[in-house]
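Chains here go by letter, A, B, C and D, matching the order in which they are written, and residues are numbered from 1 within each.
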Amino acid sequence: MEKPIKKIAVMTSGGDSPGMNAAIRSVVRTCAYLEIECVGIYRGYQGMIEGDFAPMDARSVNNIINKGGTILKSARCLEFKTPEGRKTAYDQLRKAGIEGFVVIGGDGSFRGATIFNKEYGFPVIGIPGTIDNDITGTRYTLGFDTALNTVVEAIDKIRDTASSHNRLFFVEVMGRDVGHIALNAGVGAGAEEILIPEENLGLERLLESLKRSKKSGKSSSIVVVAEGDKTGKNVFELKQYVEEHLPIYDVRVSVLGHMQRGGTPSAFDRVLASRMGVRAVEALLEGKTNLMVGIIDNEIVLTPIEEAIKGHTSIDRELIRVSDIMTV
Amino acid sequence: MEKPIKKIAVMTSGGDSPGMNAAIRSVVRTCAYLEIECVGIYRGYQGMIEGDFAPMDARSVNNIINKGGTILKSARCLEFKTPEGRKTAYDQLRKAGIEGFVVIGGDGSFRGATIFNKEYGFPVIGIPGTIDNDITGTRYTLGFDTALNTVVEAIDKIRDTASSHNRLFFVEVMGRDVGHIALNAGVGAGAEEILIPEENLGLERLLESLKRSKKSGKSSSIVVVAEGDKTGKNVFELKQYVEEHLPIYDVRVSVLGHMQRGGTPSAFDRVLASRMGVRAVEALLEGKTNLMVGIIDNEIVLTPIEEAIKGHTSIDRELIRVSDIMTV
Amino acid sequence: MEKPIKKIAVMTSGGDSPGMNAAIRSVVRTCAYLEIECVGIYRGYQGMIEGDFAPMDARSVNNIINKGGTILKSARCLEFKTPEGRKTAYDQLRKAGIEGFVVIGGDGSFRGATIFNKEYGFPVIGIPGTIDNDITGTRYTLGFDTALNTVVEAIDKIRDTASSHNRLFFVEVMGRDVGHIALNAGVGAGAEEILIPEENLGLERLLESLKRSKKSGKSSSIVVVAEGDKTGKNVFELKQYVEEHLPIYDVRVSVLGHMQRGGTPSAFDRVLASRMGVRAVEALLEGKTNLMVGIIDNEIVLTPIEEAIKGHTSIDRELIRVSDIMTV
Amino acid sequence: MEKPIKKIAVMTSGGDSPGMNAAIRSVVRTCAYLEIECVGIYRGYQGMIEGDFAPMDARSVNNIINKGGTILKSARCLEFKTPEGRKTAYDQLRKAGIEGFVVIGGDGSFRGATIFNKEYGFPVIGIPGTIDNDITGTRYTLGFDTALNTVVEAIDKIRDTASSHNRLFFVEVMGRDVGHIALNAGVGAGAEEILIPEENLGLERLLESLKRSKKSGKSSSIVVVAEGDKTGKNVFELKQYVEEHLPIYDVRVSVLGHMQRGGTPSAFDRVLASRMGVRAVEALLEGKTNLMVGIIDNEIVLTPIEEAIKGHTSIDRELIRVSDIMTV
């Protein structure tokens, strides 16, 4: 392998997700292993524009594989959406001798990277870090598995109290545009119904389902609701609606919120992050650019970033069916 | 030890808390050990009125010591607040040959028990099962320790994402009248401020504290807020207030909700439950009544239920001071 | 879909693994959904021979999706290896009107199933339940993901104390013939070396690696060792060997043992179990037999059981490379 | 409060325990709050002798409250047991301008501190940090509560597999001289028998108990054994003994090992550490010395170190009785 590149940078951008630190560690250590210089960029594109850089060696990422969040911090950055902002960023990278970068983030972060790549021909490789699992070109995004475990553990606790009181709970989980967390966590937690943005179950069917559930002898019910569900009602409105139409139910609401983004990454996410980081650095050294590292059928693969952000992950119809069957 | 009593009942009442199952198990096994009959009453006083009873032997409580919630279920019961309801309950108990009962619950449940005891001279012993730790006559209520761990683990996750984005979070925890969960979990989670019902910190001081925190170089802040805090504002209003007065902060809100009531009980709560259950049964057999089992300085003690519910637990001033010092 | 089969059975066999209960639940509920009778067989083939059966309806599997172990119990059964044993088992199944069964277990259990199928033409479908992930025809076996999380969490704790004392730990994990747990958990836990049955790293290289690790400034080291590693030494002998040759190290040993088989299943294993159970029942109803349900690239697929047990899963060379790079 | 002392040091010594970092943080922040200089001593007395010091300010202990282990490291130090070693240590402290220190550790560490104090009149305050809970003058040592939770969670997992196979497990837990972990974790995990150093149950009684347990219909059994139990047999010998005398049992062994020392501290240990650290610094500033901070009935108290190490914690007889009753 030739080494056209002598110095690369790594950064995290957009919403954080568990496994980002493990991916940073992997990028940094792969650089150390291949004797390339590595620089950390703080606070995503904002730090790139401000030149908020720090050199990173193998030891600087000790003991972070099991930490949630990102030691490089993350931030939204409006300035990078302007040509001027990107020009400043480019100047900062050049000044620091950086010849390529790895960006760990979601589709917003990738959009910025690909525009930047086109304008300046600057080598970029993306690693999909988001709990939403909404990026094509990879079966799993970094953090999705951990978030599922967090949600399922929280619902296990809620079920304890739900079944002690024969209550119905609406549990809101993250997912503004996609229902992957809701659907998988709902099946994993044994939810009676799952409301996702991709499907309009309809309020009528929800009531039917709840009535059936009650009749079948279930002592409690959990309905998992993605933030962006299509009923047009948020969890508090759903509670009110059900209480009006099914007064037999004592309804409660729980919004899981930001704890879903944090926490010690699962074994799966740590291994995935380690593998993706290696491939990202290698890809840069192979002269590749504008690609995203993904995992398909347990193989690490590369996809053009533009495809990754253009595509649209679709919900797993089979899993919806499994969910229906499980709530018999 | 004479055995004036041949058959006792056990029930859970009011809001559930982790450790209730371990306490049920302890009551049932102590009865088996002492060769007393034991009956489980389902759904608290409601089940008592309805005669919803089931015999329980040592094996019927296998594998529940580590389960959250209560296998005997719990319920609110307005009917038991009426003389007629209590009369029916008394008749049911007599009909079933029950000569005393152990009620696991909070102060509402104890109030019912003590009235019933006075009216019918029926032997009752209480075990304090509530996450709020708001009952006098015991240093710890069953479930408090587990709830603290649940809250602290959730805030650990929230801090991951808070510090990745330099955000301020208001985290609402349970505690309508008392701030024990908020204060202890706040100290345990390293919160920057803790708002509790017992203290009116004042919004001015909150702003001062947050300003100081920012100046001291902290990258993120967590403010723990008990449901019943005295600022007169809920977490969403607090968010708005701070955003108006300290626009430097990117503020988020998280309401932990009912997951605080569930989950596998901690080692502490399981041991406490086991000890309390033994003492409760023994007390009944010793002819005692209208008492609550508590723990003071690691000794199991008995307190008149009336004192337990009349008293008022006060907040630990030293812990408030510790919290202030820790956020230097 | 025609329904040639009216009554099926489900059982667990061999070593237990997390997710078995979720798979039982799925089989039972799918039967209920499709209005087929379902029977649980206790203690695997032993219970089959003894006719230890119980009817199972949708409610009989309430609240088990998150429980480790198997409510149907498991057992080794020498008798089923004899023609007489299998004859008795066949008679029991016929007597009970059972027309097909789903066996959840590892390759030993599948071997029995396929012989039985050949002898009696009895419809059988297998679900791969084992923490070892050593079965071809599926990317993941039920319980593997949970076991990885258990191991990684345990090593995280061990690392706390290792790095406080600058110690070297040999941690033995399960895997007599295959190193999947060791390799994945080793990468996930950031182990300095990983010893697996598939590779003879050699003691010399281990010493070299440890010397390099010390020199690079690492304060502590974890070496993950699969039970069946090829160095010819167990963890206690490894400790002795290293202490003799590298007296600079203060070495400790930890054998994780059977806790790796238990515990609440991860979200991944619960979803996988739910999907596999549905497919298993459907396959029986479609008249299929002697197949194992697997997951390949997130699709549920069927493989002849004979292929599944003949094949040999190979270790992921790329992951060995990732591990090498990570320990730079 | 006058401030005779302007600069203090903090260190951890002996075996590490969860909560040590939270105590370090508390000492450091209390110094910052009171405007005293604070110095961290690395690797206990060894670092004291070598002058391995570093200044610590409030921000240097960010994000450690929830970390196991100790950021100041720990070590055994033979040299400090010699007058020459202590002389060197004293010189180092003087040279650095340190006027008092807080040592977080067990009774070995306290012994060193009190000798040092006598020889040089150097102000020292101890904080009891050990998972064994074997120090008088405090109801709880730092790390005990976390260790109990770790053990109970591990046994919960072991029970899953034990009850799936109707097996008997001997689980060895830490406690060479004292059985507090074994007794409390045994009760918390619902163990059938608990073998501790303080009691010689006798092998006969163990067999009797196991026979009774089998007869009573229990499907599996867990026996918790403290390292230093009095039967004169280790867990492997116990396994052999039981297999010979009770061939009906399929016996397995699990040695939990060093994972018991690590892990994220529980809420209880974090709060305790925070309170103890504040009191330790205040005591030094009040001119006190040679005392240990403890907690008795939820009050922070001071005890002469010599009493703390002379005394002997005794096992809780009531808890042994509770354990007996629970295994009916």
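Just so it is clear, a residue touches a chain if its C-beta (ideal position, glycine included) is under 8 Å from a C-beta of that chain, and two chains touch if they have at least 3 such contacts.
Just so it is clear, the structure is predicted and the values come from calculations on it, not from any experiment.
Undergrad: Farthest chain from chain C, going by the mean of C-alpha atoms per chain?
TA: Farthest from chain C by mean C-alpha position: B.
Undergrad: Determine the centre-to-centre distance between chain A and chain D, using the mean Cα coordinates as centres, and give it in whole Å.
TA: Roughly 39 Å, centre to centre.
Undergrad: What's the distance between the Cα centroids of chain A and chain C, rounded to whole Å?
TA: Centre separation, chain A to chain C: 28 Å.
Undergrad: As a quick test, compute the distance in whole Å between the mean CA positions of chain A and chain B.
TA: Result: the chain centres lie 35 Å from each other.
Undergrad: Please output the residue numbers of chain A that touch at least 2 other chains, ranges allowed.
TA: 156, 159, 163, 219
Undergrad: Please give all chain pairs that are in touch with each other.
TA: Result of the pairwise touch check is A-B, A-C, B-D, C-D.
Undergrad: Which residues of chain C touch chain A in their complex?
TA: Residue positions touching the partner: 25-26, 29-30, 32-33, 58-59, 62-63, 65-66, 139, 145, 148-149, 151-153, 156, 159, 163, 184-185, 187-190, 216-219, 264, 266-268, 270-271, 274-275, 278, 296-298, 300, 316, 318-319, 321-322, 324-326, 328.
Undergrad: For a test of understanding, state which residues of chain C touch chain D in their complex under the given definition.
TA: Checking each residue of chain C against chain D gives 12, 15-16, 18, 20, 67-70, 73-75, 150, 154, 156-166, 169, 219, 252-255, 257-263.
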